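I have a structure I would like to understand better, so I am pasting it below and will then ask my questions one at a time.
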Amino acid sequence: MDGLIYSILGDPFVQMWQMPDFFIQVIWEGFVSGILYALIALGFVLIFKASGIFNFAQGIMVVFSGLTLVGLHALGVPAFVALLMTIVVMYGLAFGIERLVLRNLVNQPDIILFMATIGLTNILIGGGQWIFGSETKSMITTELLIPTGSSVWEPGGGLVIFQHIDIAAAVIAALLIVSLALFFSKTKVGRALRAVADDHQASLSVGISLNQIWVITWFAAGIVALVAGIMWGARSDVSFSLQIIALKALPVLVLGGFTSVPGAIVGGLIIGVGEKLFEIYWGPLLGSGVEGWFAYVIALVFLLFRPQGLFGEKIIERV
Amino acid sequence: MFYREAGQFKTSYAEYLQALPLREDKVGIAIWLLLAVFYVPFFGLPGLEYTFAMNAIMIPVLIFTITALGLNILVGYTGQISLGTGAFMGVGAYACYKLTTYFPDVNIILIILASGFVSAAVGALFGLPSLRIKGFYLVVATLAAQFFLEWCFIRVEWLYNYNPSGAIEVPQREVFGIVVTGAAASPATRYLVVLGILIFLTIIAGNLVRGRIGRSWMMIRDMDIAAELIGVRPLRAKLSAFAVSSYYCGVSGALMVFLWLGAAEVESFDVNHSFLYLFMVIFGGLGSITGSYMGAAFIWTFPILLKELGKRVFDIDSIIMENVSLVAIGMLIVFILIKEPHGLARLWQLGKQKLRIWPFAH
Amino acid sequence: MKDTKESFVTEDGRHIGSVIMEMRNITLRFGGVVAITNASFDIREGEIRAIIGPNGAGKSSMLNVINGFYHPQEGEIWFRGKKRPSLRPYEIAEQGIARTFQNIALFKGMTTVENVMTGRQLMLKKNFLWQLLRIGPALDEEVVHRRRCEEIIDFLEIQAIRNSPVGSLPYGLQKRVELARALAMEPKLLLLDEPMAGMNVEEKEDMSRFILDVNDQYGTTIALIEHDMSVVMDLADRVVVLDYGKMLADGTPDEVQKNQAVIDAYLGVEH
């Protein structure tokens, strides 16, 4: 019994203390995957804030955009032209979704819209594999001028490796978040979007129709998905198995609250770092693979104590 | 034109409260039942090769109808979205495997029905958070169940009797001298066992949803606060829904492995399957027993028929057809949500109503 | 109105009993907002008690306190001679308190008769096993209660919409179905939150008649919130006036109408 308690509450921390360089490495790895979770969650929050739709397809949009980019390049399109074309495709997607799906489902209960986005997920998976094939592809990292080397840091004789891709991912994610923040606070359209998030009537007074707002938010979420797709693809590969990982945006959202952008970021980092630490230091006690469920179980436990998430407003029920 | 309500006077409330108050509905069901019992086991489906019809269509459709019934109780009747169906089916399957390992002589049908209780218990456990968590947050809770259980199916080697392949392999079991499970079991036997269990579970589900318990589920679904102020205990209502729903899923999981697949690994219970079952329920009709039948039949057979069509008529590669059917199903889901959010069952009902007042237009 | 604890008979011959519910110094806060401040009043058996006051005065909150949806920070609630502990809403429903809602809270996925039937939930006693068999006692029980529901439906004159899904009904009828559902609970104390809001004159008259009939025929004690003063004057035996969560007055409709504070704060604004 004592041995068990020690191996849960003692040994992992001793290990962290004794091998600080490894500990830093683990934190860094967790941090980077946390950023990617945060990016997916961010796209989700954008849509939820503007339209109250729980967009289950956000994770698939990540894969779909990555696949489109790689697929276009494979057809001989130069990398940056392919990037532009993918952006156009994401716009077309947003436009099509608004026209064919959302517009026809206004005023339906949330659960119906949610289920429609699950249907959308199917369409994107099937469509993506149909057009681009279902085999795993690698991201056109060097073509997009993303650095691929690595740097070594030796704190006190230890060894920590930083992949340049990871650094780039962190930097690009930060840039994206800053530019979104600027977009929302400085531009007219952005402010309108914020207004509509608070009050649907408000949008009319700003002179932008609800339909346009939906296209814009879904497009913005598509761009965020594309960035996440590129960075993720660069770290591993582009394939629809990413979809399972993309689902992890959901516990991130639970942690951060569905409507909070800072929540998505903090939640992503907590989940990313937390699950790596858990996998490495406590995972061996249970047999590996705990990464698969850790995020969900943490989110679940967390929900029991704070059903509205970290940054969400307290849910008040009235009659 | 024969579908008329007029002239059938109900003499008592008891008659009025029957599952099928209309004579035409009773006749319709009777015909389906006769076909299912006396035609299909011997001749399969018209135009299809017999073993294909049984193994690829009839048996899985019946099994997934049980799943859909279970999921519909949770999603359609109680309004609690779940993406953990696959895993709850897994619990039933592994429970059945363990039980028949320990009690090899007990009637396998009883074991299958008993393994549902294990899954009911696990389902109720994971349903506990639903008391505090609502709506989309609950989706995350059920995903926790899905992924945690999937992990257990891999890591807890005891569950598959330490089989190095990690799979459960169905042993041969006989009931009254007839081989029911294992490679030697005939499709007709397996089909009839599944059909029997399905009919039994359908009657029970129908009884439950029309009575006090089903009403408490629907009250929670439609307006949980009002339900509580009227005297429904949310914990009891939600947990009973989770338990009953998971019971159905568990039984269908056990049937899936024991009477259909013959062997299974964790992939048979993954989250993609959970989506598939949710589609069946949405497409067939949320909160409808008939809808569960229609949804399971449609969502399961549609891709198969599409694939056959592609192969035979257009000579298209089956992988492409798989993707085509993914897209088609996705589009159909979106389409039905737009046109009739209550699914095929509602369309069917509306059709019947039209028929009932025919030839008068309104 | 007499101040004694004993029961008595009113001028129009209605039987008013002793106090069945007493609110003592109730204070209810939501974070910084004080919805009710130190309010005290009682409800007598068999009477029709009105709670009036401008919007946001804390009337609905008061009903929510009575049926346990909100729990006041201070004060005591006495029900049938006993101090009531903090209970869950369903426990209070079990004690015989039913209500309707300001914003209709019907079960949208069900028909009228099914909605009314939900009011009988607590009286259906057969266990799970009987429920899944649905034969014998379980079915008998269902039939008996179903019949009662049909009676209530007849009483409120909503036979025509018996099998209609409630979501598609006009507002006035939805309010009536909600009343039917509450009546199906056969409550000791019936709480009505603005039962006539948004109705035309005719519908109001119907509803007033139903309320009086319920009180008369079943002896049900009723506490209701209503804005229309003429309706209140007609129906209520006694009236509590709230304003910004504070009690302004408590007495017969005549007394209240003459009360200067009430005239200033509420009636002055309305009329």
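A, B and C are the chain letters, set down in written order, and residue numbers restart from 1 in every chain.
Note that a contact is a pair of C-beta atoms (placed from the backbone, for glycine too) under 8 Å apart; a residue touches a chain by one contact, two chains touch by 3 or more.
Keep in mind the model is a prediction, meaning the values are calculated, not measured.
Q: Measuring between Cα centroids, which chain is at the maximum distance from subunit C?
A: Chain A.
Q: Look at the interfaces A-B and B-C and say which one is made up of more C-beta pairs in contact.
A: A-B
Q: In terms of Cα-based centroids, which chain occupies the most central position?
A: Chain nearest the centroid of all protein C-alpha atoms: B.
Q: Which whole number of Å gives the spacing of the CA centres of subunit A and subunit C?
A: Whole-Å distance between the two chain centres: 49.
Q: Centroid of subunit A to centroid of subunit B, CA atoms only: how many Å?
A: Chain centroid spacing, subunit A to subunit B, equals 33 Å.
Q: Roughly how far is subunit B from subunit C, going centre to centre by Cα mean, in whole Å?
A: Chain centres of subunit B and subunit C, defined by C-alpha means, are spaced 42 Å apart.
Q: Got the subunit C residues that touch at least 2 other chains?
A: As it turns out, subunit C has residues touching two or more other chains at 69, 101, 105.
Q: Which subunit B residues touch at least two other chains?
A: If we look for residues of subunit B contacting two or more partner chains, we find 225-226, 229.
Q: So which bits of subunit A are touching at least two other chains?
A: Residues 319 of subunit A touch two or more partner chains.
Q: Looking at the complex, which residues from subunit C come into contact with subunit B?
A: Against subunit B, the touching part of subunit C is residues 67, 69, 88-90, 93-94, 98-99, 101, 105-110, 114, 117-119, 121-122, 124, 126, 128, 131-134, 138-139, 142-143, 146-147, 181, 185.
Q: For subunit B, which residues are in contact with subunit C within the complex?
A: 12-14, 16-17, 204, 207-208, 210-213, 215-216, 218-219, 221-223, 225-234, 240, 287
Q: How about subunit A: which of its residues touch subunit B in the complex?
A: 54, 100-101, 104-105, 108, 110-112, 114-116, 118-127, 129-130, 134, 244, 247, 250-251, 253-254, 258, 286-287, 289-290, 292-293, 296-297, 299-300, 303-304, 307, 317, 319
Q: Under the touch definition given earlier, write down the residues of subunit B that touch subunit A in their complex.
A: For subunit B paired with subunit A, touching residues are 79, 81, 129, 132-137, 139-141, 143-144, 146-148, 150-151, 154-155, 225-226, 229, 271, 275, 278-279, 282, 319-320, 322-334, 337-338, 341.
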